[in-house]
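Below are structures written as structure tokens.
Here chain A shows up in two complexes: once beside chain B, once beside chain C.
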Partner chain A sequence: MVAIIEEMAKKIEAEKDYLTQLDNEIGDGDHGINMARGFAAVEKKLPSLRDGDIGSLLKGVGMQLVSTVGGASGPLYGTAFMKAGMACKGLTELDGPAFVKAMEAAVDGIKMRGKATEGEKTMLDALCPALKAMQDDVAAGKSLKEALTDAAAAAEKGVEYTKTIIATKGRASYLGERSVGHQDPGATSAFYLLQVLAEMA
Partner chain B sequence: MKKILNDVDGVENEMIQGLVKSAPKMLRKLDYGTIVVRANKKEGKVALVSGGGSGHEPAHAGYVGTGMLDGAVAGTVFTSPTPDQVLEGIKAVATDQGVLCIVKNYTGDIMNFEMAIEMAADEDIKADYVVVNDDVAVRDSLYTTGRRGVAGTVFVHKIAGAKAEQGASLADVKGVAEKVVANVRSMGMAIEPCTVPAAGKPGFELADDEMEIGIGIHGEPGTHREKLRSANEIAKMLVDEILSDLDYKGRDVVVMVNGMGGTPLMELYIVNNFVQDYLKEQGVHVYDTMVGNYMTSIEMAGFSLTLLRLDDEMKALYDAPADTLAWKK
Partner chain C sequence: MVGVVLVSHSQKAAEGAAELALMMAPDAPVKAAGGLEDGSLGTSFEKISAAVEAADQGDGVALIMDMGSAVMTAEMVAESMDDRKISLLDCPFIEGAVIAALETAGGTPLSGMQEKVESGRDRKL
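What follows is the complex of A and B.
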């Protein structure tokens, strides 16, 4: 799991400018900068989290994101990792059902913190379909790798879907119909994290 | 991008240190992050904490001092401060009378302040918050996050600050803050965008003959774009939007002509020249006027107009003494 988090940090750093550019179009142009700053801080903190169980690792990652990312993404991603951490308390490895449980806790945490649901042009439009794909695959007895690969594919479709809808949450909502045609930066960064999970699983 | 900087990552910290060094008798910076509090903590009153991203100078630290805020928490440029920073700010100024946070209506600001207030409650600090949403450019509906908080926030600092200074309870300070929110409206426009130092590129681009209407204070695009018009025509358009949203006829009103950071005072006075005459024509009584840079968007060129409708209580609190970097009375 430590290696996955490291890879997530690399991915976010690599896509920093692209995420910022997406945010410039419909937000305030800082999503990539904020996420990269947060994940860089997470990378620095990883050595001190390495020895614990997955629960405490994810919780530590969440705390670090909350205190370094800022904006809306900080509390949202921070809450997601913290809730996922609580769902995997004491575990040292994750099978399919445990992964689904952690992902459910993360998505519920984001819905609660952001008072948002699917279809509002937010990261939930990538995460909700991903969770659904993961739940279906695990219930059907598919491998964790297959489930995460399908989840990432569903998230990618979700990102495409955000181009077609009007934002009703977050700063992009101020643009009204002008937000249509642009893809949501938060959904995009969520997709990148799921993509890393699928590749590394 | 050309800016007078040392290091893009040090912008917020160096700026806050420089601000505090400009008034060392009045202000103090906490060791933890970019948080400014009064040099001499006042006990026995409700403490007021405001904050938001950096880039709005003199907001928010410029309003810390007697009669206004007790603390201001600055995030990085245009980014809400994090919950741990807000919590440190709350803890530094908290009294047994409680803490009121003044939060502008942005998804991030609300989430971060809410998390901080939940954490403060865990440490037995009584804290509450009020949300400012004065921007009429954003239509308030079920389908948006709601109106943004912009320059009208400064009036909430002033009037709630005066109420707190008089020793009012947390409920009463919150009550008057909400009354200001209910009576204040703003709208802004830009002719040049601004550049977040870490991004290095402007948030949007405008042709030489274009202007952006309905901008907020974070360099984000506005509600629509049109051909540039004369100062009077632009000012009339903004005043009309505000007057159509709230009835100001026959009322005492404070006018704020706020520069976005890169607008010469010359142009702000030209705008004010029209606004004063036009409000008179519309039957609005101007009680007081402020022209200057109060809530900015780094070097954005443009301005916003804010109108605050006063009643007797707000008038007395508006006139009460204040001693801060950006507002002395």
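What follows is the complex of A and C.
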């Protein structure tokens, strides 16, 4: 799991400028900068987290994101990692069902923190379809790798879907109709994180 | 007195709002928590936590936020300090700051703050 988090940090750093550019179009132009700052701080913190169980690792990652991101994605991803950590308390390995539970807790945490649902042009438009795909695959007895690969594909579709809708939550919602035609930066970063999960599983 | 913490993405906006609030209630425990550690735009969990500690005189702390992550981060600070009495107020930032400072100086308890700052929503004169 530590290696996955490191890979996530690399991916976010690599996509920093692109995420910021997306946020320039319909936000305040800081999503990539915020996420890269947060994940760089997470990377620094990893040595002190690597010996614990997956639950405490994810919780530590979440707390670090809350402390360092500086934008809405901080409390949102922070809550997601912290809730996922609570769902994985004491575990040193994750099978399909455990992964689904962690992901459910993460998505519920984001919904609670941002008071948003699917269809509002946020990261939830990538994460909710991803969770659904994962739930279906695990219920059908598919491998974790397959489930995460389908989840990432569903998230990518979700990112495309955000181009077609009006934002009703977050900074982009202040643009109303003018937000249509642009893809949501947070949904895009959520897709990247899931892509890393799928590749590393 | 109830402490008042002003949470904004901008250090200048938070400090400016505090300045306006203290103009009428100079003794009120009003603290600004604006921007990130380095002064750039954003909201800081640490800055908000420190401001809550500084503003708390034992009667609880009211938080007034601008928008978005300011609200969500303030919420997380409140959850992390569950040994303190903390309320998040829903009101216009500047008007709410001025009203809250006056009310705390006048002895309004934390439980009465939301009702008082409501008037900031529809009154400019």
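As a convention for this text, the second predicted complex is superposed on the first by the 201 of 201 C-alpha atoms of A that agree within 3 Å, B and C clash if a C-alpha of one lies under 4 Å from a C-alpha of the other, contacts with A are read in each partner's own complex, and residues count from 1 in each chain.
Quick note on the criterion: a residue touches a chain if its C-beta (ideal position, glycine included) is under 8 Å from a C-beta of that chain, and two chains touch if they have at least 3 such contacts.
Computed from a prediction, not measured in an experiment: that's the story for all the values here.
Who does A:195 touch here: chain B (first), chain C (second), both, or neither?
neither
Between chain B (first) and chain C (second), which does A:171 come into contact with in this model arrangement: first, second, both, or neither?
In the superposition, A:171 contacts both chain B and chain C.
Check the residue A:183 against both partner chains and state whether it touches chain B (first), chain C (second), both, or neither.
Touch partners of A:183: none, neither chain B nor chain C.
Who does A:64 touch here: chain B (first), chain C (second), both, or neither?
Once the two structures are laid over each other on A, A:64 reaches no partner at all.
Which of the two, chain B or chain C, is in touch with more residues of chain A?
Larger number of chain A residues touched: B.
Which of the two partners, first being chain B and second being chain C, lies in contact with A:24: first, second, both, or neither?
After superposition on chain A, A:24 lies in contact with chain B alone.
Kindly classify A:113 by the partners it touches after superposition: chain B alone (first), chain C alone (second), both, or neither?
Both partners.
Which parts of chain A are in contact with chain B and also with chain C?
28, 30, 34, 66-67, 70-76, 113-114, 170-171
Considering only the defined contacts, which chain A positions touch chain B in the complex?
20, 24, 27-30, 33-34, 37, 66-76, 113-114, 166, 168-171, 173-176, 178
If we count contacts the way the header does, which residues on chain C are in touch with chain A in the complex?
It is residues 36, 40-46, 68-69, 72-73, 75-76 of chain C that touch chain A.
Sort out for me which residues of chain B touch chain A in the complex.
Touching chain A from chain B are residues 53, 75-85, 106-108, 111-112, 115, 137-139, 142-145, 148, 196, 198-199, 201, 203-204, 216, 218-221, 223-224.
Within the complex, which stretch of chain A touches chain C?
Result: residues 28, 30, 34, 66-67, 70-76, 78-79, 113-114, 170-171 of chain A touch chain C.
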